[in-house]
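Shared between the two complexes below is chain A, which has chain B as its partner in the first and chain C in the second.
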Partner chain A sequence: MLFNSFEFLLYFPIVTALFFFLPHRFRWQLLLAASCFFYMFFKPEYILILAFTIVVDYYAGILIEEAKTAKQKKYYLLISLIANIGVLAVFKYYNFINENITGVASLFGWKNHIPALTMLLPIGLSFHTFQAMSYTLEISRGNYKAERHFGIYALYVMFYPQLVAGPIERPQNVLHQFHEKKSFDYSRVVDGLRMMLWGMFKKIVIADNLTTYTDGVYNNLHVQTSIAIVVAIFFFAFQIYCDFSAYTDIARGAARVMGYELVKNFNYPFRSRNVTDFWRRWHMSLTTWFNDYLFTPVVISNRGSIKFGIVFALMVTFSLSGLWHGAAWTYVGFGVMHGFATSYEFLTKKWRNRLSKKVNPFIYSRVSQVLTFLFVCYTWIFFRANTMADAFYVLKRIPGFFTEIANWSVTRTKPIFDGSLPKLGLIYCGVFILLLETLHYLDNKYDVFNKLRNQNIVLRWSVYYSLMIIMIFFASSTAHRFIYFQF
Partner chain B sequence: MNKEQILAKVTDIFKDVLDNDDIVLTDTTVATDVEDWDSLNHIQIIVAIEKSFKIKFTSTEIHHFKNVGELIGSIESKLS
Partner chain C sequence: MAKLTLKIILFVVLLYIPLYIVQKIVDEGMHKYRKGEYAVWNDIYSGNINADLIILGNSRAFVNISPLVLDTALKQSAYDLGVDGGDFNLAYTRFKVYLSKNKMPKTVILSVSTSDLERGIGIFNNQQFMPYLNDTIIRKGTAGYQNSFTLADYYVPAMKYRSDPISYSVGFNLYFGKEVPNDDVRVRGYQARERVWDDSFENFKKLKKTYTIKADTNLVKEFHELIKTCKANNVKLYFVYSPEYVKVQPYFVNRATIFSYYQDAAKQYGIPFLDYSNDPISHDTTYFYNSEHLNKNGAETFTKKLAQDIKALKI
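Up next, the complex of A and B:
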C-alpha cells in the first residue's frame, strides 16, 4: 500500500482507532495483522519471503544467545546472515549477476545457459533484510537479549510504517517499545499527524510535481536541450530528498501517533559541508548500519596499515551501499564516486582544516556547501539515469548548458523543454523548491516547526489548512510510487 | 605507568589524531563530548594507542568502550 493513496487514507485511521480501542495485550496482534495486510497489498505471495527470514532470525537470535562457545555463536550468526543475504541475492541480484555472466561469457564467445528469472522485486526487500540482520548482529555482539515473544519479533521486522522504506531500525530502539503499554496522548497524536502532513506535502506537492520533469527529461534525453537536462539534474536532487524524507516523516509520524518513536533519518543533508558530512545527514539509518556492521569491522581487521585500511574500507562500503540501492552498474558507479570522495576527504583532512582557518569562515562554509551539493547532484545523475550510457550522455551534454545560455537570443526562440512538459508547472516547481528551502532555513535558524506547537490554535490551524489547500490545488496529477520502494 | 600518566599520553594522542590542542579528557568523557570524535577517528585513535603503548585490543573491546575511563582501564590492565 502506498502512503500517498486513497487506501491508506482509509487504512490509517481504521488501524489507529482499533489500536487505541483494543486492550494492550491484543495490540501486537492487531499491528502484526495490519502490517501483513499492508505488505500483501503489493504482492500477497511475497509474504512468504518475510515469513522465512523471520522464522530463521527468530530462532538464530535465541541460539546465538544460548551458544556455549564463540564458535557456535559465529555459526548461528552465519546461518542468519546467509538466509538474509541469500534472499537478497536470489530476489534482487540474481538477474544482475546472470546478465554480467552472459556479458563476460560473450567476450570469450561462450553462451550462458543459466535462465533469467522473471519476477517482480519484492518491495522494500533491502530494508527489512537489513533490519533483520541488525537484530542477530546485535545479539551476537552481546548488545541485546534475544526476543522470546515470536509475535513481537515478527512485528519488529514487519511494523508497517517502516516496513518497506525504513528508517532501518535497531532492536535496542524499537523492540522494547512493542512491549510497552501505549496510551492516547493528544499532543503526541497531533505531533505525529503534523509530521505526516508535512511528509504528504513534500511527497504529493513537491516530489511528484518535480517527477513530471525529471522523468520527462531522463526518459527522453536525446530530444532535450542542455538547459532542460541541467534543470532536471537539480530537480532530481530535490525530488529524491522530498520523496525519501517524506516517506520517513510519514513513517515516523504514523508510528508516533500510536506512541512509537522511530529513529531520525535526515538532518538537512543539503547543508552538508563535505561528502562525509552528507552521509551523516542523509539516510542516517543506512549509514550507521554500514558503519557499524561493515566499515568498522573492515577497518579494525586492516588496522595494521591504518590509512590504507580506512581507504579500503571506504571503497568497499560505498560500492556495496551503491549496490544496496539497486542491482545495476549505475548504482555501483554512484557508490564508487562517493567512496573516492570520502577517501579524498579522509586523506586531506588535516590540510583542509588548516586551509579553513586561513579563509573567512562564512565564505569557507558556503563554498563547501555549494561544492558538496554540486558533487552530490553529479553523482545522482548515475543514480537516476536509466542506463550507464544515458548517464555518460547526460555528462556530455552539460557543457552545452553554457553555450545555450551564451546564445540566449537563439535558445529562447525554441522550446526549452520538449513540448509535452508544461511551462507553468516548471514555475510552480521553482516556487516549491524555494518554499522548501526557506522553511528549512527558518527551521534551522529559528526552530519554527517546534515553535508551531506552542502557537495559538488559530495560527496552528491556519498553517495546517494552508498546507492542505495547497495540497488540493497543486497535487501532482499522477501519484508516483516512492523511489526507495524499489530498494 | 600510573593512571594519570596513561591519561596524559592518551590525551596527547587525541590531540594529534583530532588535530585539536584544546582537548581535555577525564574518566567520564564520552565521544559526544569531544568534537570530531566519530567512528572514523575512533579507530585511528585506537590504532595510535595500540602503537604507542605496544598493546592490542580485541574488536569486541573496540566496540564496547563506553567512555575514556574504560579505555584507560583497559590500557592499564594490558600494561600490567
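Up next, the complex of A and C:
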C-alpha cells in the first residue's frame, strides 16, 4: 500500500483506532496482521520471503545467544547472514550478475545459458533484510538479548510504517517499545499527525510534481535542450530528498501516533559542508548501519595501516552502499564517487582545516555547502540515469547549458522541455522548492515546526488548512511510487 | 481521544464543505463548455441528441466522417461520437454513456482502425472525463490505464481538478455566465479540419519503426458486446474503414491479422464491412493532412461516397 494513496487514508485511521481500543496484549497481533495486509497489498506471495527470513533470524538469534563457544556463535550468525544475503542475491542481484556473466562471456564468443529471473523485485527487500541482519549481528556482539516472543520479533521486521523504506531500525531502539504499554497521549498523537501531514505535502506536492519533469527529461534525453537537462539534474536533488524524507516523516509520524519512536533519517542534508557531513545527514539509518557493520570492522581489520585502512574501508563501504541501492552499474558508480570524495576529505582534512582558518568563515561555509550540493547533484546523475550510457550522455550535454544561455535569443524561440512538459508546472516546481528551502531555513534558525505546537488554534489550523488546500489544488496529477520502494 | 476525534471531524467538515462547493461550481461550469470533447460529452449528458444515426470510433471517426453529409444524404439525423485518441474501450464507453442518456439509434457506423483493439497505455486528454466522474460508466470505462482516476479523484472534492488551473478558470467563468474562448469547435461531434498535407508522415518515416498491434482480449470482447447490443436492438450496424494513406499501411506489420478481427465479425454477424483503405482517396495526399486523417475536403468527399455505398446496400 502506498502512503500517498486513498487506501492508506482509510487504512491508517482504522488501524490506529483499533490499536487504541484493543487491550495491550492484543496490540502486537493487530499490528502484525495490519503489517501483513499492508505488505500483501503490493504482491501477496512475497510475504513468504519475509516469513522465511523472519523464521531463520528468530531461531538464529536464540541459538547465537545460547551458543556455548565463539565458533558456534559465528556458525549461527553465518546461517542468518547467508539466509538474508542469499535472499537479496537471488531476488535483487541474480539478474544483474547474470547479465554481467553474459557480457563477459560474449567477449570470448561464449553463450550464457543461465536463464534470467522474470519476477519483480520484492518491495523494500534491502530495508527489511538489513534490519533483520542488524538483529542477529547485535545479538552476536552481545549488545542485545534475543527476543523470545516470535510475534514481537516478526513485528520488529514487519512493522508497517517502516517496512518498505525504513528507517532501518536496530533492535535496541524498537523491540522494547513493542513490549511497552502505549497509552493515548493527545499531544504526541497530534505531533505524529503533523509529521505525517508535512510528509504527505512533500511527497504529493513537491516530489511528485518534480517527477513529471525529471522523468520527462531522463526518459527522453535526446530530444531535450541542455537547459532542460541541467534543470532536471537539480530538480532530481529536491525530488529524491522530498520523496524519501517524506516517506520517513510519514513512517515516523504514523509510528509516533501509536507511541513508537523511530530513528531520525534526515537532518537538512543540503546544508552539508562536505560529503562526509552529507552522509551524516542523509539516510542516517543506512549510514550508521554501514558504519557499524562494515566500515568499522574493515578499519579494525586493517589497523596496521590506519590511512590505508580507512581509505580502503571507505571505498568498500560506499561501493557496497551504492550496490545496496540497486543492482546496476549506475548505482555502483554513484557509490564509488562518494567513496573517492570521502577518502579525499579524509586525506586532506588537516589542509582543509588550515584553509578554513584563513578564509572568512561565512564565505567558507557557504562555498563548502554549494560545492557539496553540486557534487551530490553530479553523482545523482548516475543514480537517476536509466543506463550508464545515459549518465555519460547527460555529462556530455552539461556544457551545452552555457552555450544555450549565451545564445538566449535563439534558445528562447524553441521549446526548452521538448514542448511536452507544461510551463506552468515548471513555475509551480520552482515555487515549491523555494517554499521548502524557506521553511527549512526558518526551522533551522527559529525552530518553527516545534513552535507551531504552542501557537493558538487559529494559527495552527490556518497552517494545516493551507497545507491541505495546496495539496488538493497542486498535487501532481499522477501519484508516483516512492523512489526507495524499489530498493 | 474523543476530543481529538471531534477536532478531526470538525477539521474535515470545514475543509470538505468549501471544497465541495468549489467542485460543484467547476463541474457545473464545465457542463456548459463547448470546446472539443467537452461539447460532445455535454451533448450526450443533456440527453437531447437522440440521433437516428451514430458514428463511433476514435479521431478517424470525428475527423473523417461528417454527420452533416450523412444527414442530408441518408435523411437520418446523425451525430459523430468519435473520441480523440481513444482505443475501442473508450469509444464503447462513450456509446454506453450515450445509450444511458439518449434513445437507441437506428443505425450505427463503427469507424474501425488498425490500432483500435490495442489497449492504450494512457487516456489521451483525461481531463475531458473529470466533470462526469460521478457516472459509474465513466469510472469503469476509464479504469486500468496508466493515468486512470483514483479513489481520491472520486471522493476527495476538487482533487480531480488538481494541477489543472484551466478547468478552474473555465468552470468558474462559465458558471458565472462569462464567455470563454473556444478554438476547438465540433459540430454534432464532427470537426472539419481545413488543413493541407503536413510533414508528420515524413518524420514518421525517418523513425524507421514498424508497429505490431497487440489486440487486447477485453477490447475484443467489448467489440463483440457492441455488435450484440446492436443486433439485440435491431440497430443497423456498418463497419467502416475510412481512407488511410496507403504508404503508411506497410508500417503496421500485422495489419492483416487486425483486419481479420473485423472481417470475421462482419461475416459471423452479417455486418457490411466497407473498407476504403485502398480507395483512390487513400492514394491522394490532397485529401489528407496526415496519414490517418482527412482534411475537410477529403472528409466531405469520402462521406458522400460512404453515404452512396450505404444507400446502395439497401439494408
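The criterion applied here is as follows: the second predicted complex is superposed on the first by the 487 of 487 C-alpha atoms of A that agree within 3 Å, B and C clash if a C-alpha of one lies under 4 Å from a C-alpha of the other, contacts with A are read in each partner's own complex, and residues count from 1 in each chain.
As a working rule, contacts are C-beta pairs under 8 Å (C-beta built on N, C-alpha and C of every residue); 3 or more make two chains touch, one makes a residue touch a chain.
Just so it is clear, the structure is predicted and the values come from calculations on it, not from any experiment.
For the composite obtained by overlaying on chain A, chain B and chain C can both be accommodated side by side without a clash.
After superposing the two complexes on their shared chain, the closest approach between C-alpha atoms of chain B and chain C is 39 Å. Contacts from chain A toward chain C in the complex involve residues 5-7, 9, 20, 184, 186, 189-190, 209, 424-425, 428, 461, 464-465, 468-469, 472-479. Across the interface of their complex, chain B is touched by residues 141-142, 276, 280, 291-292, 295-297, 299-301, 303, 306, 310, 346, 349-350, 353 of chain A.
Interface residues of chain C facing chain A in the complex, by the touch rule stated above, are 1, 3-4, 11, 14-15, 19, 147, 150-152, 155-156, 158-159, 161-165. Residues of chain B that touch chain A in their complex: 19, 38-40, 43-44, 46-47, 50, 59-60, 62-63.
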